[in-house]
Amino acid sequence: MAVLAIYPGSFDPVTYGHLDIIERAQQIFDQLTVAVLVNVEKNALFSLEERMEMLRESTRQWSHVTIDSFHGLLVEYALRRNARVILRGIRAVSDYEYEFQMALMNRRLQPRIETVFMMPAEAYSFLSSRLVKEVCGLGGDVSEFVPPQVAERLKRKLS
Amino acid sequence: MAVLAIYPGSFDPVTYGHLDIIERAQQIFDQLTVAVLVNVEKNALFSLEERMEMLRESTRQWSHVTIDSFHGLLVEYALRRNARVILRGIRAVSDYEYEFQMALMNRRLQPRIETVFMMPAEAYSFLSSRLVKEVCGLGGDVSEFVPPQVAERLKRKLS
Amino acid sequence: MAVLAIYPGSFDPVTYGHLDIIERAQQIFDQLTVAVLVNVEKNALFSLEERMEMLRESTRQWSHVTIDSFHGLLVEYALRRNARVILRGIRAVSDYEYEFQMALMNRRLQPRIETVFMMPAEAYSFLSSRLVKEVCGLGGDVSEFVPPQVAERLKRKLS
Amino acid sequence: MAVLAIYPGSFDPVTYGHLDIIERAQQIFDQLTVAVLVNVEKNALFSLEERMEMLRESTRQWSHVTIDSFHGLLVEYALRRNARVILRGIRAVSDYEYEFQMALMNRRLQPRIETVFMMPAEAYSFLSSRLVKEVCGLGGDVSEFVPPQVAERLKRKLS
Amino acid sequence: MAVLAIYPGSFDPVTYGHLDIIERAQQIFDQLTVAVLVNVEKNALFSLEERMEMLRESTRQWSHVTIDSFHGLLVEYALRRNARVILRGIRAVSDYEYEFQMALMNRRLQPRIETVFMMPAEAYSFLSSRLVKEVCGLGGDVSEFVPPQVAERLKRKLS
Amino acid sequence: MAVLAIYPGSFDPVTYGHLDIIERAQQIFDQLTVAVLVNVEKNALFSLEERMEMLRESTRQWSHVTIDSFHGLLVEYALRRNARVILRGIRAVSDYEYEFQMALMNRRLQPRIETVFMMPAEAYSFLSSRLVKEVCGLGGDVSEFVPPQVAERLKRKLS
């Protein structure tokens, strides 16, 4: 029973919080696919290609982790990939309620796929891509929050 | 990489909410051990033996599920069992915060073991062993909340 | 369609927060019964008789309000009384989650009875019988939190 | 004392979650008016006329329920209609806090009108018009979440 | 050890909730600077100058309070000002979680500055600049929520 | 204007989470008194004398910090001490709601004293005296959570 887990998100850009979840999850699940959402409406700072490239650079040390992208319904993508698990990181209580509702909706749409929640390290409990972009845009140093190559790309984009 | 998950609790007694989590989890993890906490202080309604027996009766259809008991620190039990995962069901936001704190403490005590959260079906989101005992003790019908043999034992104990 | 609402609780003792809810509710529902829970396990400070008497003294200005007591399952009491509504006051988010679970359980036990929530005035958002007893027991003045006759009884009991 | 309750919202479109609340409320209140907010700023998917029509089609089995619309302050509309109660459905803790603040503001603006909260069935606890539109827009099946005629209109609009 | 506290915000416009916090804080800290955020992206109703003027008019009775503005990272502004404390008012649980994350981020960016939280009076627990603008824009009376001169400016802007 | 802040609690025993708050607070307030609650009902593990001694040993590096004890109402103790501020550490959302209610009650009992909240470092966000005693009682290592002399006393008491 080889279990594939899907870790979906915008990853605009990937942070140490995401990488912490990925590192933990790849020890538990046989295969882990980080799936970048192709969100046509939301204005992403980085293109889909850039976001996937940053993820590939940051996860190459883990052999069971692959990077992919999807559009449309997450559960249908998971079904096509034959995944059993959707993985979500939760940092805080407010996160959790939204995640709970999404997970119930996804279960209703596709009962065969389970959502499983994991926690990042406390040190990353306040991190989000949005906050990192905001801090970097205001001239703050983000090298504690994202890998060096991501920090560099952020600085180039936002200055 | 065969992953063993531990699902710890008092199970005094097991409810359909617990069984819903167990059913979902045994499809994801290679082995699942339901571990009954030997809690000397707390007054349990059922003895350890009774609680384990009710669990065995209710889970025998799942071949990868075993029933065990433990005392002392959960993470040390998990380590002895060579488990990688502690599984917790979360029903509500207030649950979640307590669970979050326990998980952080457990990670600090033993960083190699991850806590993973799953949700029961909405229909069981309000269920707890405590509430079931309370309703049964007041003469209410609990057959929707626990398996028939558990309902019978509850009635015998509480009337 | 005359609607009877039941407002259940321990009322040990009644506070201005409870009375605020009762005043609001008696303008909405045709009949309102304040139902004191006969809780054998919990140690009440006041006897059932005292609690009902304080409620009667404090609500006599409202003609559609009656005081009663019950033991056993709340929903069965409500059914016997032919009530359609269980009324609960909610002060805070943490209250709410517990109330939500009780309401779901009650609906499952008896689908014909609805739980309806109302809010006390902000000025009473932090009040509880427990806190009032604690403050009075430590020698604090509780005359802002309970009617004069209740304050007097509290002082007599707790000094 | 005939009590009129107002159930306000955008209803863009009505879901089974809303209808569940309406069904429960019309058994408790003498008259229930579902009041569609004319929100000039927010981009609604359906026109005011369409939203009211879908509500009329979905509520015609309940004789005490009427459909109306309003703009401006909710409490002033309620006052003009001679309503005593504003009815709100709450699904989750995060909902509740926002609802609580609105209810306190409304009470301050117009103390004679009470806000009363009811819960939808657990099965609808995760439903929202926004989520239904999102799922339908991504090609998902929404027939479990909205009445057939609403599902059809959604498909026509969003494909 | 003269402690300067910074109370940052948009203040678009200042409400009695903000003024309640300012009054309480100026009794505790040696100096208090209310710092208006120059937020280029967000559409403010009032210009920076107007917002600072309304604050000056409303705080002139407190001799240790000064009004300032800043752009860029809050912690760097605080450092330049030689402040030790960032002051935030929290009204509700949902507020709190967001504030908690910002405070952790700010501490990481600049460990020498502490965030300190205070509560407004219950009567203002539901107040926000956004809600005040919404009510005023719909023709409601906001004289209970903001000082007279602010109410007048709001009416002029929004009608 | 020399401001005295009171940091009340059971401190049974003091943890690194408490000490983190004390360290931060003594940089902001002119004087800080850690006040141990003499709680006659609650079963403390350590005597009042032991709890004060552990606090004294752990805080002697900070010259503006003193250790005291009190019984009765906290606000009356604060008033007698001529304190302006009650300081509370908050770790999590659930903490916060309880703290909020206590702070409102205290403000009602004594409006001249303000409650101010601070956050411990993330690394201590899950720590509590109760949890530390539980872990130590089960044979776990608590040297990361309390100072060495406290760890030793815990081991002696609990084995």
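When the chains are written out, they are named A, B, C, D, E and F in that same order, and each has its own residue count from 1.
Keep in mind that, in the parts below, a residue touches a chain if its C-beta (ideal position, glycine included) is under 8 Å from a C-beta of that chain, and two chains touch if they have at least 3 such contacts.
For clarity, every value in this text was computed on a predicted model and none was experimentally measured.
J.: Scan A-B, B-C or B-D for the interface that duplicates C-E, counting it as a duplicate when over half of the contact pairs agree by residue number.
T.: Selected from A-B, B-C or B-D as the counterpart of C-E: B-D.
J.: Would you mind telling me which chain pair, A-E or B-D, is linked by more contacting C-beta pairs?
T.: A-E
J.: Using only Cα atoms to place each chain's centre, name the chain farthest from chain D.
T.: Of all the other chains, the one whose centre lies farthest from chain D is F.
J.: When the centre of a chain is set as the mean of its C-alpha atoms, what distance in Å lies between chain A and chain F?
T.: Each chain reduced to its C-alpha mean, chain A and chain F end up 39 Å apart.
J.: Starting from the mean Cα coordinates of chain C and chain F, work out the distance between those two points in Å.
T.: 34
J.: Can you pull out the residues of chain B that are in contact with at least two other chains?
T.: Within chain B, residues 92-94, 97, 100, 104, 122, 125-126 contact more than one other chain.
J.: Tell me, which pairs of chains are in touch?
T.: A-B, A-D, A-E, A-F, B-C, B-D, B-F, C-D, C-E, C-F, D-E, E-F
J.: Which residues of chain B touch chain F once you look at their complex with the stated criterion?
T.: Residues in contact with chain F: 72-73, 76, 94, 97-98, 100-102, 104-105, 108-109.
J.: For chain A, which residues are in contact with chain F within the complex?
T.: 92-93, 122-123, 125-126
J.: Can you name the residues of chain D that touch chain A in the complex?
T.: Those residues of chain D that touch chain A are 92-94, 125-128, 131, 135, 138-141, 144.
J.: What residues of chain E sit close enough to touch chain F in their complex?
T.: For chain E paired with chain F, touching residues are 1, 3, 24, 27-30, 84-85, 90, 93, 96-97, 100, 103-104, 107, 114-119, 121-122.
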